[in-house]
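Chain nomenclature is as follows: A, B, C, D, E and F, assigned in order of appearance, with residue numbering initiated at 1 for each chain independently.
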Amino acid sequence: MKDFYVADAPRFENAVVTSFFCLSGMSLREKKGGGGQYLALSLSDKTGTLEARMWEEFADAFSTCSEGCYVKVQGQISKYNGKFQITLTKMRNAAENEVETADFQPVSAFPAEEMDAELRAIVVAFKDEDLKRLVLAFLDDPEIGPAFRVAPAAKVLHHAWISGLLEHVLALVKVLKAVAPFYPEVNEDLLLTGAILHDIGKVKELSWKTNFNYTLEGQMIGHISIAQGMVREKVLALQPFPERLRILVEHMILSHHGKYEFGSPKLPMTPEAMLLSAMDDLEAKFSALRREFAGAESAGKKANETTEWVRSMDRNLFDSKRWLAEE
Amino acid sequence: MKDFYVADAPRFENAVVTSFFCLSGMSLREKKGGGGQYLALSLSDKTGTLEARMWEEFADAFSTCSEGCYVKVQGQISKYNGKFQITLTKMRNAAENEVETADFQPVSAFPAEEMDAELRAIVVAFKDEDLKRLVLAFLDDPEIGPAFRVAPAAKVLHHAWISGLLEHVLALVKVLKAVAPFYPEVNEDLLLTGAILHDIGKVKELSWKTNFNYTLEGQMIGHISIAQGMVREKVLALQPFPERLRILVEHMILSHHGKYEFGSPKLPMTPEAMLLSAMDDLEAKFSALRREFAGAESAGKKANETTEWVRSMDRNLFDSKRWLAEE
Amino acid sequence: MKDFYVADAPRFENAVVTSFFCLSGMSLREKKGGGGQYLALSLSDKTGTLEARMWEEFADAFSTCSEGCYVKVQGQISKYNGKFQITLTKMRNAAENEVETADFQPVSAFPAEEMDAELRAIVVAFKDEDLKRLVLAFLDDPEIGPAFRVAPAAKVLHHAWISGLLEHVLALVKVLKAVAPFYPEVNEDLLLTGAILHDIGKVKELSWKTNFNYTLEGQMIGHISIAQGMVREKVLALQPFPERLRILVEHMILSHHGKYEFGSPKLPMTPEAMLLSAMDDLEAKFSALRREFAGAESAGKKANETTEWVRSMDRNLFDSKRWLAEE
Amino acid sequence: MKDFYVADAPRFENAVVTSFFCLSGMSLREKKGGGGQYLALSLSDKTGTLEARMWEEFADAFSTCSEGCYVKVQGQISKYNGKFQITLTKMRNAAENEVETADFQPVSAFPAEEMDAELRAIVVAFKDEDLKRLVLAFLDDPEIGPAFRVAPAAKVLHHAWISGLLEHVLALVKVLKAVAPFYPEVNEDLLLTGAILHDIGKVKELSWKTNFNYTLEGQMIGHISIAQGMVREKVLALQPFPERLRILVEHMILSHHGKYEFGSPKLPMTPEAMLLSAMDDLEAKFSALRREFAGAESAGKKANETTEWVRSMDRNLFDSKRWLAEE
Amino acid sequence: MKDFYVADAPRFENAVVTSFFCLSGMSLREKKGGGGQYLALSLSDKTGTLEARMWEEFADAFSTCSEGCYVKVQGQISKYNGKFQITLTKMRNAAENEVETADFQPVSAFPAEEMDAELRAIVVAFKDEDLKRLVLAFLDDPEIGPAFRVAPAAKVLHHAWISGLLEHVLALVKVLKAVAPFYPEVNEDLLLTGAILHDIGKVKELSWKTNFNYTLEGQMIGHISIAQGMVREKVLALQPFPERLRILVEHMILSHHGKYEFGSPKLPMTPEAMLLSAMDDLEAKFSALRREFAGAESAGKKANETTEWVRSMDRNLFDSKRWLAEE
Amino acid sequence: MKDFYVADAPRFENAVVTSFFCLSGMSLREKKGGGGQYLALSLSDKTGTLEARMWEEFADAFSTCSEGCYVKVQGQISKYNGKFQITLTKMRNAAENEVETADFQPVSAFPAEEMDAELRAIVVAFKDEDLKRLVLAFLDDPEIGPAFRVAPAAKVLHHAWISGLLEHVLALVKVLKAVAPFYPEVNEDLLLTGAILHDIGKVKELSWKTNFNYTLEGQMIGHISIAQGMVREKVLALQPFPERLRILVEHMILSHHGKYEFGSPKLPMTPEAMLLSAMDDLEAKFSALRREFAGAESAGKKANETTEWVRSMDRNLFDSKRWLAEE
């Protein structure tokens, strides 16, 4: 169990602490003014990251620990230029049973069980029994189901936290339920099936055991094609299953990125695929916008200043609500 | 007043009729097998278009009437190759007081007054008094208001019918009211102001007296910049008016096409501009999709066939609902 | 059985013939000089297309036959403006057992069995037993195998003829065997597996029963994703199968179009994927070039003239060999 | 008043000086070898930028001064690694009345009054009285006129100095007067009106009080649409004003960037708009070229070397004249 | 010699005429109402094009004459549907010595000798003796010189008439002389050398003996690379010639299209290359604009209407001067 | 002569050595903890690069030596943080006759004479005597021939080593000989001529005396146009030479980059140009892939990790062979 978190540092100034961290960075540096080397490290948990220094006897630590692993350390907290840091005397690899993943990773603000229950209630209400069977086959799958409830939605961008995928899917499902009635061309059960399964391939595209990363399969196949293959396997297991629904569901998954250059091998051709793709894109944009607004405010930007340039959107953003509230 | 409409032809086969039409096409052709020329015409009203022929004495008609004008004609209805046509004996220009525009142009399926009332009720409920004043200044403007209730939304594409602009705006406002609660970064009054005013420049970009067309100002300035200028004039007249709101409203108008290559001089930077642009684009896409689905069905396409290639979207579309209903 | 082919017309001038054709075009037209309508038709078989006219008693034929069907006709051959045509007195739908597909469709110049044998010999020589099992599972599949030996490679472009897919695959395999030794980074068995399976999805993307066309699944899923799903199913059936090989084979299929805008959801990342994509593209280009050179020559272009503009390559082409031979 | 300028440093080596600067950069750094922090600063005036260090007693200075403000400092000039720097003992904010903007900002090499007089003489010679009234209404406007004579033409790129906008406009007007006679399709008064007003929106898009920056309105509306609104307001005030001229002037302003992706909502359609856009682009390119040639020479590049890569033009540039002169 | 021109038809109604034409179109057509074929032809000379019909005895004419050749015809002028046409009784190929090219091709409005003299006067005034030698070597070349004075500047677009190349070059040289003084970075002799030689490759890229067309070398090498090779050959013949001037002249030629996608292998890097490319582009645009304005007016467009869509510029154009003159 | 190479450092730890190097980097730095400056240098030869420090008496060395020159140095080898470095006591410029280029530059793994012999044997076997004459005229040219055998193929990317151009050309020729038989449209002698000459312009585009760089002619004309000019000169000298071959060879050179945006003024139109361009591109890609795989392995990447992002190909790469070998 973890006794000390990064966020606890102020209460432990000058104290010696022992705790577990994810070793998120490590490099050898030369001491200023000569006289040899020291180890500069970054130690992370779900509450933040702490700079660490190890001035002596670090040869073993350096050769046995590596970035992305859990470590157990002992050291003294101090404050330097207004920031807390820790000077280590010991560091070793942590055994798997010594740590709990939950202590080290950012987690959704919403409990996974609650989100899962809310999502299931929506699925159970489907009128189309085949689509209901299909979606539940995913949610109840002993491997896919639990992974779906835990996986982040991305490595670094939107919803990059534990259960972020479920959080993103649920938000998308809810906004789609609100929008669908305005477009009578849309079959709502089909649309929601697409929404729930569109990113299901991320449970194999990403790994989140210690830190968040892409799997090799993720890099070489991608979550779109992984998901299409998963649907195909499930449909095989659910036979007889209407061929028309299979094609329409696969089409939504393949086309949901909306453009070839974003990795979709097909463009949205049906009302459901078009609506899903548009609202998924909007969710992603607002997710980025939230992150940028929070970042700008915490970086001390004033209400009448735009955010920094947002490369993924090729523009600066502006928090109109904050500006109007100021008046 | 107009006694005979294109749609009435079946009931008048072989009868001689007299009526008013919009002359939507006219050309001289050579008679097959030689022997001189005849006049081939297209006569339109709000119910459709009828092919017409004038075999003799057409010199006056040809030199005095021109495409896009109203004409009064006399002729006999006949059926040829399964289609009705009319053989004219007389045609002359119609005087302005002889015709009512409403008889000749496609019109929204929803009464303009009802749509106007629904929109006003939404505006009256704004919490922000300044935005309410601004929007009402447009709706109550003795020139802009009536034009806004009559204008089409386009020359040929989406909502190309009388009161199509109002219909488009009201649909957009309603879907935005449903979506806005999911995005707490959005100021709803500001968003709806943008939705109501984003296309207001079309009242000067388009002309719809007889047929629908672009004005010269529309071609050289465009509805985006026309609308921005109209807002600026109204704000001058409503002084004092909060400068911040003016900038945010102008920004929504300028950026609502979402991309530079679609004629927006700025990209959406605020939550309201981003949401408005996304949902406006979705409305346009579903409008196109509806038109294509109806066209494919009336052209005899089967449920398992895609539409023809849709150039504006660079793809074929597919009516999933019709296909599923068939099973 | 079919007694008379389009190419036989010169020997039958003025004779009355009876035969089967694919009805590749049909429309009603007005007789010149008035006096009613006639039926203008196009009748095709594997040797070409013949214009047909039906001047009387065509009501039944018109309402019961449709484009893309086989018909039985009776009529008289004549020559008009230097081209042969046929004036029909009878036309009715042909029953399935009256026609043989092979009479109506262009066919590869190489016998399918010989090509199949040549390909199998190459597969049997694979050193990698897993890849050999995988490829043979496709070739021996009771549904996929026969379809693979008959399918065209495209609707209208390269190798648009019966067994064109097999012809294209075999040609690609042979050139890859010649090139692979120059690139030692490449695993040859893996490369050839990719070459044999890269277009296997076309057996479901295309239909070729009467004429060549896209299936609905082909339009909405596409042969790339169809093929990826087929590999996934086969691998399930062949368990245990090395996961690494599965990923590398899927990657080759997904990336073989080489660019996102050509519908590949991934770009080639491995030596095999890169070489396959490049040589497949080269095969397609030379196939186009052959078609264009033949077309230009048969259209009477001289040796020092370029072909017409080739839209798919955005340029004119030039037959250097023909030009040099002329000197 | 300012006694000491950055460019005076060589004459004051080792002397203690007191002066005012614009604080263009400030950050806390750790002393090498440990032992606490120091303040690293950049002090600028119109003659250049001087690095400064403050080793002690900087807490007050750090908390009260901020980047972009004017400061009063005291310190000793020294030379370090061949460059002059200053070690500060005091720094405080300067009061508004202690400084003159002109001391701190780069200024056009041409006196604003002379440029203004030259421009006015050209306007006064207009044959078209309406266009003359329009342009003079801007030049004589008590707010716009003075701002137009002082504003820079950009934040960092071309003519980024006080009165740079006027300098750019005058240069453009003069070259247009030389070119116009070669294009008889062009109405010269109209062309020159466009040239004088095309960038007038920059007086609100930019701020130049201490340093040069974008205003929020500049970022969200942009100088093109700001200018269009300004013309519309002036035209309202000048009624009656010919509607045709208003449309043609607005069109030139809206289209002068020449491409959608450069933020022009319309492409140049008239001879005047086309010529204005082309020559404005050429002015910008030569302005960049001048800056790059000067930069390359001062960086010690030899005459047979190209400049560094110029990102805005996607190429290296080459000073042909300098190279030829060398021979 | 040619006695009758297309433009003379009104004065010869119903007369029988004999004359020479360029056979610009020929096709066999079926007579309306059946009864065999006739020959439909287009006959052109420098004054326009005349429709022709040959109803009988056309077998020889059809097999021996071909499009692009000169023919001698006899026939009767008549008026049909308001347009003149000619009914031929005889047509045969014309011998080379029977026709003069000048009778059949559009020609510049300016005499070639005058333009040549004006250009030479400018060259003779060069201060740089080497550049003067280089340019004169082209103008005095016994093959290149005469071709340069006769060649059109394009097949169909700008200056597509005899001596159009010289006309374009002279116009460009004159506007460059007016503009150059505003850009002191520019070496004027070097700039004018580039202007005179930039399109010199067109003398080999185009053929203009009967009609205007591309040569095979033109299609496969292009006028840019042809010109570069011509300069290289001339420089070899003029040794010693300064290497620096050779590189700078070649660079101007290679880069004058300004963009890679327009076939320039290099982008303009020197002041001269940049100015040449910009003004050459402007000349081309105004040339298109003149053609479009004239076309719109002769097609009966009103002053307040834009031209048709101009594909090469992706926009409609508008003749502002004509519109203003109307008021 | 050079006694000590960078790769010899381990055997000379703590010894004082004297040797020649290419000075590949030099900068003044401040000593840590204050106390003045020192000189930080990089010394290179064909075996690698060694970091050097000069703590005292470096004023002369600094002012007389410059990057890219050869230097003679004396100093002591030591090991610091696991890496060897050298502390200099002397450094001066080396005279030209003191060094041999071959000691300092990376060199092809294949002897130039052997590659040259292999290439010549292929040329001598040409059936086309004219193409044989043309190619030999280049290989036997007293200036071009030797340069072609020594030149690198690029400054930093593929085959950036001495004789890299010849190595690249020979590899391309060999793979083309293997591929050509599959494309009967191709004239093999013509194809190989294109392969041998396509990059011949690099002998003037690059300089490789000490380090590899672009010449000014290379930057302003480019190797494509330089090569085209060289062919034109050789053809002049070989008259009579078939014009058709000249055009086809020039076309291959001009089009071999395959796209306008890569600097080709023409796209490949002939079978030979198309095949050459495709296989040249493949060679370049595999060259990059080899470099990236080697780099990833030496950077400690594991077999299941992709390479870093490869900007020139816009993707990560993956060494499938290494991964499969690991199993």
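In the analysis below, a contact is a pair of C-beta atoms (placed from the backbone, for glycine too) under 8 Å apart; a residue touches a chain by one contact, two chains touch by 3 or more.
The shown structure was predicted, so the numbers you read here are calculated from the model rather than taken from an experiment.
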item	value
Set of chains whose contacts include both chain F and chain B	A, C, D, E
Greatest separation from chain D - chain, by CA centre	C
Chain pair among A-B, B-C or A-C whose interface repeats that of E-F, sharing over half of the contact pairs by residue number	A-C
Type of chain B:chain E copy interface by residue overlap (half), same or different	different
Farthest-lying chain, centroid of Cα atoms versus that of chain A	E
Whole-Å gap separating chain C and chain F, where each centre is the average of the chain's CA atoms	45
Multi-partner residues of chain B (at least 2 other chains)	32-33, 216, 219-220, 248, 269-270, 306, 316, 318
Those chain pairs that satisfy the touch definition	A-B, A-C, A-D, A-F, B-C, B-D, B-E, C-E, C-F, D-E, D-F, E-F
Touch list for chain B against partner chain D, complex	216-217, 219-222, 224-225, 228-229, 232-233, 236, 247-248, 250-251, 254, 260-266, 269-270
Chain C residues within the chain B interface of the complex	28, 30, 32-34, 37, 216, 219-220
Residue ranges of chain F in contact with chain A within the complex	32-33, 81, 304-306, 316, 318
Chain A-touching residues of chain B, taken from the complex the two chains share	171, 174-175, 178-179, 181-183, 185-187, 190, 242, 244-245, 248, 267-272, 274-275, 278, 281-282, 285-286, 289-290, 293, 306, 313-321, 323-324, 327
